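Both of the next two complexes hold chain A, though its partner changes from chain B to chain C.
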Partner chain A sequence: MDFNFIPLAFGEVFSPTTAAYALAAIGLAVHFGFAGLLNFGQAGFMALGGYAFAVTTVIFGLPVWMGFLMVIAVSVVFALILGIPTLRLRADYLSIVTIAAAEIVRLSVKTPEFSDVTGGSEGINGAGRVFNEATNPLPDGRWGVGVLTYSSAQWWLIIVGWAMVAIACLLVWLLTRSPWGRVLRGIREDEDAVRSLGKNVYQYKMQALIIGGVIGGFGGFLFILPRSLQPDNYGTQMTFFLYTILLLGGAATVFGPVLGSIIFWVVLSLSDGVLSLLVSNGWLPIATTQQGPIRFIIVGVALMLLVIFRPQGILGKKKEALFSA
Partner chain B sequence: MALARTAAVPRLGRALVAAFVFAATAFALFAAAAPAHADPVDPATADQTIQVWVRNNADKAGVAGVGVSVTGDGFDESFTTGDDGKVIVGLEDAGTYTVTLDESTIPAGMGRPNAISRDVQVFSGNKNQPANFLIDPSFAPDATGSGTGDGASESPTETPGASTGSSQDIAGLVIQKIVTGLIFGLLLALAAIGLSLIYGTTSLNNFAHGELVTFGGLMAFTFGNLLGLPAVLAIPIAVILGGAFGWTQDAVLWKPLRRRGLKLIPLMIVTIGLSLVLRYLFAFIWGADRMTLANDPKPFLVLGPVSLRFTDVFGAGLAIVVLLVVAFVLMRTKIGKAMRAVSDNRALAAASGINVERVIRVVWVGGGALAALAGVYVAYYQGLRWDTGAAILLLIFAAVTLGGLGTAFGALVGSLVLSVFMNLSTLWIPENLKIVGALVVMILILLFRPQGILGRRERIG
Partner chain C sequence: MPEKTPVSDILAGEAAPGCAKKDPILVADHVSRHFGGLTAVDVAHVEIPRGSITALIGPNGAGKTTLFNLLTGFDKPNTGTWTFDGQSLGGVPAFKVARRGMVRTFQLTKALSAMTVIENMRLGATGQGGENVFASVIRPLWRGREAEITEQAEGLLARFKLDTKRDDYAGSLSGGQRKLLEMARALMTRPKMIMLDEPMAGVNPALTQSLLEHILSLKDDGTTVLFVEHDMHMVNEIADWVIVMAEGKVVAEGPPSTVMNDQAVIDAYLGAHHDVDLGTIEGRLEVAEEMDSEAVREEAEEEAEAAGIPVEHATPDAEATPAKTPRKKPAAKDEVTP
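And then the complex of A and B:
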């Protein structure tokens, strides 16, 4: 019997993918947790961030810092496109427009017509290699314990990923403690009250959308480094994963998204491992192809239960989880 | 407010009647010929296939190793015939495809084919549509396959190659697209009205509405195909179970949550969780393959450039009848008036003695049943997968937003307009971007007329 899945699940605690989801969820926390913006299209920001970096560096062969600038530029433009028509409307309109916009991004980059630039449904391979060759200061080699032994490139990804998460946490912590952050929370609790104080609610919402979007774009950049860029990774289920992560840790907290992402991926990895064990030993009468859907069912149930019974998440305060709408 | 609503009724009624007359006329005159194209698909699982068969005229033996290219609008793939001289080409979409032989790959000394290329019309659901070629030393090939030989003439509406691009064809194409759009629009309307009514009465944006659609299709498939019941029984069972599913959802989930006083935003997140659970539960139970309900591919009604299958004609007629019944219920019956009253002003409706919870329950049952019927149509027209409902959910939202969130007739008008627009747009943009076009239109509508075509200004506060 193979119990390797237990240390492997522990490896999820610091894997670059966990960091990528944590980063994207921090962006979503700025949108949803602090500003009350119901953004159902964070997968679109991630897709654009990933594509902006991969197209700039892999397809056009430009330097890595140009890739970073493109991630920021593309995320800002996408936030403006989303925000201008919807931020003046009710929250539910923003949710429909953002989920639609994320699908527009996914279907557009997937279409064969643009495959010269986007790789069509094949996606783009090699962003991680380009990034590693350009930036990795670590010597060649492999370090680690048992199944958790990683190459120099993988260690560099882990370091970069968690450094970015730390910077994003610090940024969000400083922002939410500032007067700007207090206005944002005010908007979340009672938009009209803030408006009556003479604040330009629309401007504040737009700024929050842009900041969270750029953080989400960098989450997308981090997400593609350990894997190839596949358009279908950015379907609506990615956004739903992010909401589960966010609500698990606590939507209106700085470290909630990080804790949520770690718990989310460790639990998913463990449940996958246990299921495989049960199925391969014939203790669970399901086909191996039926294993895949189970993790999504677990996520969906967890999301519903969290919202209903503990909307503030693990780290949040109850009174901050009473959304105004 | 009540006055405004009554005043709006004749206008809504007229829009409704106009939409129906438009739809009905189009159906009486034409039918759905699906447009062409897309990527190659595995012939074993494809809904449509062409069977290319190259034979030697002398002994009628198959000729192996002949290069064959199949082209259609956006589809361009090359194949080689197998040992029996055949190759099966899987197609994602119906349409007209041109099958061309690569003459240089025909074994030397065997002769020439009776045609270099053939146009093959493939209707939705057609399997092994023939494209046959004979090779003989005596043949002098003509440009297109209208001449000698067996096979291609079996295709019901073979178009002579020379006439493509004439203005007549463009007009025909436009009419085809409009008819296809109207049929899909009716399907969309069935799902959209439920979504809009649920939104109107409970203010809930139900992101799990697509799963009600999938559920209906799956039930029709289960009872019709797996248990072998005739469609006349399987479809009503699917619709009834769809209504029951709506009832259960409201009784088990939404009503208790309303009791708990859960706010709208958390409720919307509950719907995305539910959507995830249901979608993957479907995948768990029914697997990941595409399911199609038995469909007679023969043209039932061919009028002008459009050819309709029986399911197209009957389905569209049934959808129109159902939508008229829904309109009657909403406009003329007590429960319909109560629904509109609750949509209009929930507190006022409750104060006037309307049992709001009962109205909401009826809306969930009706919405579930209508969505299930839409799912049955999807299973007939396009085939069904576990994520089909999720895939058309955004189109449903776009249609509802276009018409005006919370207005039942807006959902109908929005569905027809959106679907016709989406199909016509494929004249200019690639087929696989038509959904993108529809979603972009939705965002533009929100920018310039956020209340939608039939919505009222104050709804969007």
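And then the complex of A and C:
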């Protein structure tokens, strides 16, 4: 019997993909957790971040730092496009617009008309290679233990990914414990109360949308480094994974998204391994193709239980959830 | 008990609906608001005297809250202009109205439940540079101001007897304490004029007396107060001036001692009590009680005596028996026991 899935699942704890999702979920925490903005289009920010970097560096061959600037610029513009018409309206307008906008992004980059720049439905290959060649200071080689042995390029991704997560956590921590964060928490609960005290609510919501969006854009950048850029990765499913991660860890916490992402990917990977084992030994009467969906049923049930028994998430404060309900 | 502002200091001419004041802080003209076919507010002209306590009264649905919303930028009027402290406020967004010194509270309390009492208070403060997104990440830039703000907040909390609740979540407070917190938080902005929408609704009768004193002390500090209240005993006790609204219009104005006996006011209140059977003497006495109006009471009592119904002659001495009226209104709708 092959028990390699156990260390492999452990490897998810620090994989670059876990970091990418953690980063995007931190952005979503700024939106939803701290500002109360129901952004259902975080996948759109990730897609734009990924494309901004890949198009700049792979297609146009420009330097990596210009790719970063484009990630920021494109995320800011997307946040403005989403926010300007909706942030003065009731909260639900933003959620409808963000769902639609994220889908528009995904379908637009797929169209053959733009395929010279976006690669059409094929996407773009090689952003990870370009980034590694331009920035990796590590010597060639492979290090690690057993199945968790990675190449120099993979280690570099892990380091960069988690460094970005750490920076985002620090930034969000500084922001949320400040008077700025206090205004935001007030807005989350009752905009009119905050308005009546002379705060420009619209401006704060826009700032939160931009900050969370830029962090989400960098999540998209991280996400494409270990794989090729595929437009269909950025469907609504990705946004819902991010919400799962966020609610799991605690929406209004700094480290909740990080813990949520780690648990999400470890559980997904473990359940995949266990199911494979059961199926291949004929202990479970299902086909291998049913394995994938079953994993998500498990995640879904776990999320339901969590929301019922610990609505504030693993790291959230119980009282805040109680009184804001 | 501080002295009431004499009527001669307030009034510039005759007391009448929309009459001119000697030193108005707020002047509104032709402010109207329609909801579909309903005219919620249609105020031709009204002036609020500076530095005094003005009560805005009127039966339920008279348009008092809507007028508050319009004047403070929380709602847009169909017509109208108004100035505060000489500056036009028409079309100015709510947060800018507050920054200019006109701050309101809400009929349905808006204490921020998931924040602690002291954080609610700090949120009200002005001039905190740390509320700027860039400055916020550098703590030394705003730490000093935060200490000042905290001191100001603690002073107010002590004054409102909320200091023992400093670190409790606002959601754990009683309805009355939340009203107090909302008022204290509004004062953190150091307003020129504070507009209180039913500040006593839901407040424990044991607290109402101290709440009245708080409102009086605002006047001593030079703050103009405009408040909506149903309990006429309280209006009589603290208001320098009373403005009566009915069906969206200002129907009467005057000092509290006389305004409740104005025929227009009596008609407005009697007209609004569809729920009370005004054909019966008991019904009219009930309205008289709510209005605290001598005229209505005497009329009803005379009729009662003529009809041979025994009536208790209540001594209408608000000073001696404050808040003796049982509250007719149900306790504030937003009372939520956590």
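By our rule, the second predicted complex is superposed on the first by the 317 of 325 C-alpha atoms of A that agree within 3 Å, B and C clash if a C-alpha of one lies under 4 Å from a C-alpha of the other, contacts with A are read in each partner's own complex, and residues count from 1 in each chain.
Here, a residue touches a chain if its C-beta (ideal position, glycine included) is under 8 Å from a C-beta of that chain, and two chains touch if they have at least 3 such contacts.
Keep in mind the model is a prediction, meaning the values are calculated, not measured.
*Asks:* Consider chain A as the common anchor and indicate whether chain B and chain C clash or fit when overlaid.
*Replies:* These partners fit in the superposed model.
*Asks:* Touch check for A:Arg195: first (chain B), second (chain C), both, or neither?
*Replies:* A:Arg195 sits against chain C, while chain B stays out of touch.
*Asks:* Which holds for A:Val183: it touches chain B only (first), chain C only (second), both, or neither?
*Replies:* A:Val183 contacts chain C only, not chain B.
*Asks:* For the combined three-chain view, what is the angle at the C-alpha centre of chain A formed with the C-alpha centres of chain B and chain C, to the nearest 10°?
*Replies:* After superposition on chain A, the angle is 90 degrees.
*Asks:* Quick one: is A:Leu174 in contact with chain B, with chain C, with both, or with neither? Answer first, second, both or neither.
*Replies:* second
*Asks:* Given the touch rule stated above, what does A:Ala22 touch, chain B (first), chain C (second), both, or neither?
*Replies:* Touch status of A:Ala22: no partner.
*Asks:* Answer with first, second, both or neither: which of chain B and chain C does A:Val30 touch in the superposed model?
*Replies:* Neither chain B nor chain C is touched by A:Val30.
*Asks:* Quick one: is A:Asp92 in contact with chain B, with chain C, with both, or with neither? Answer first, second, both or neither.
*Replies:* In the superposition, A:Asp92 contacts chain B only.
*Asks:* Decide which partner touches more residues of chain A, taking chain B and chain C as the two options.
*Replies:* After superposition, B is the partner touching more of chain A.
*Asks:* Least CA distance chain B-chain C after superposition, rounded to whole Å?
*Replies:* Chain B and chain C, overlaid via chain A, are at closest 6 Å apart by C-alpha.
*Asks:* Counting contacts the way the document defines them, which residues of chain A are shared by the two interfaces, the one with chain B and the one with chain C?
*Replies:* Overlap of chain B and chain C footprints on chain A: residues 322-324.
*Asks:* Quick check on the complex: what are the chain C residues that touch chain A?
*Replies:* 72, 74, 93-96, 98-99, 103-106, 110-115, 119, 122-124, 126, 128, 130-133, 135-137, 139, 142, 146, 169-172, 182, 185-186, 188-189, 338
*Asks:* Can you list the residues on chain B that touch chain A in the complex?
*Replies:* Per the stated touch rule, the residues are 39, 203, 205, 207, 257, 260, 262-266, 268-270, 272-281, 283-284, 287-288, 390, 394, 397-398, 401, 405, 430, 432-433, 435-436, 439-440, 442-444, 446-447, 450, 460-461.
*Asks:* Looking at the complex, which residues from chain A come into contact with chain B?
*Replies:* 36, 38, 40, 84-86, 89-93, 95-97, 99-101, 103-104, 107-108, 110-113, 236-237, 240, 243-244, 247, 286, 289-290, 292-294, 296-297, 299-304, 307-308, 311, 322-325
*Asks:* Using the touch definition up top, name the residues of chain A that touch chain C in the complex.
*Replies:* Where chain A meets chain C, its residues are 171, 174-175, 178-183, 185-186, 188-190, 192-201, 207, 211, 319-320, 322-324.
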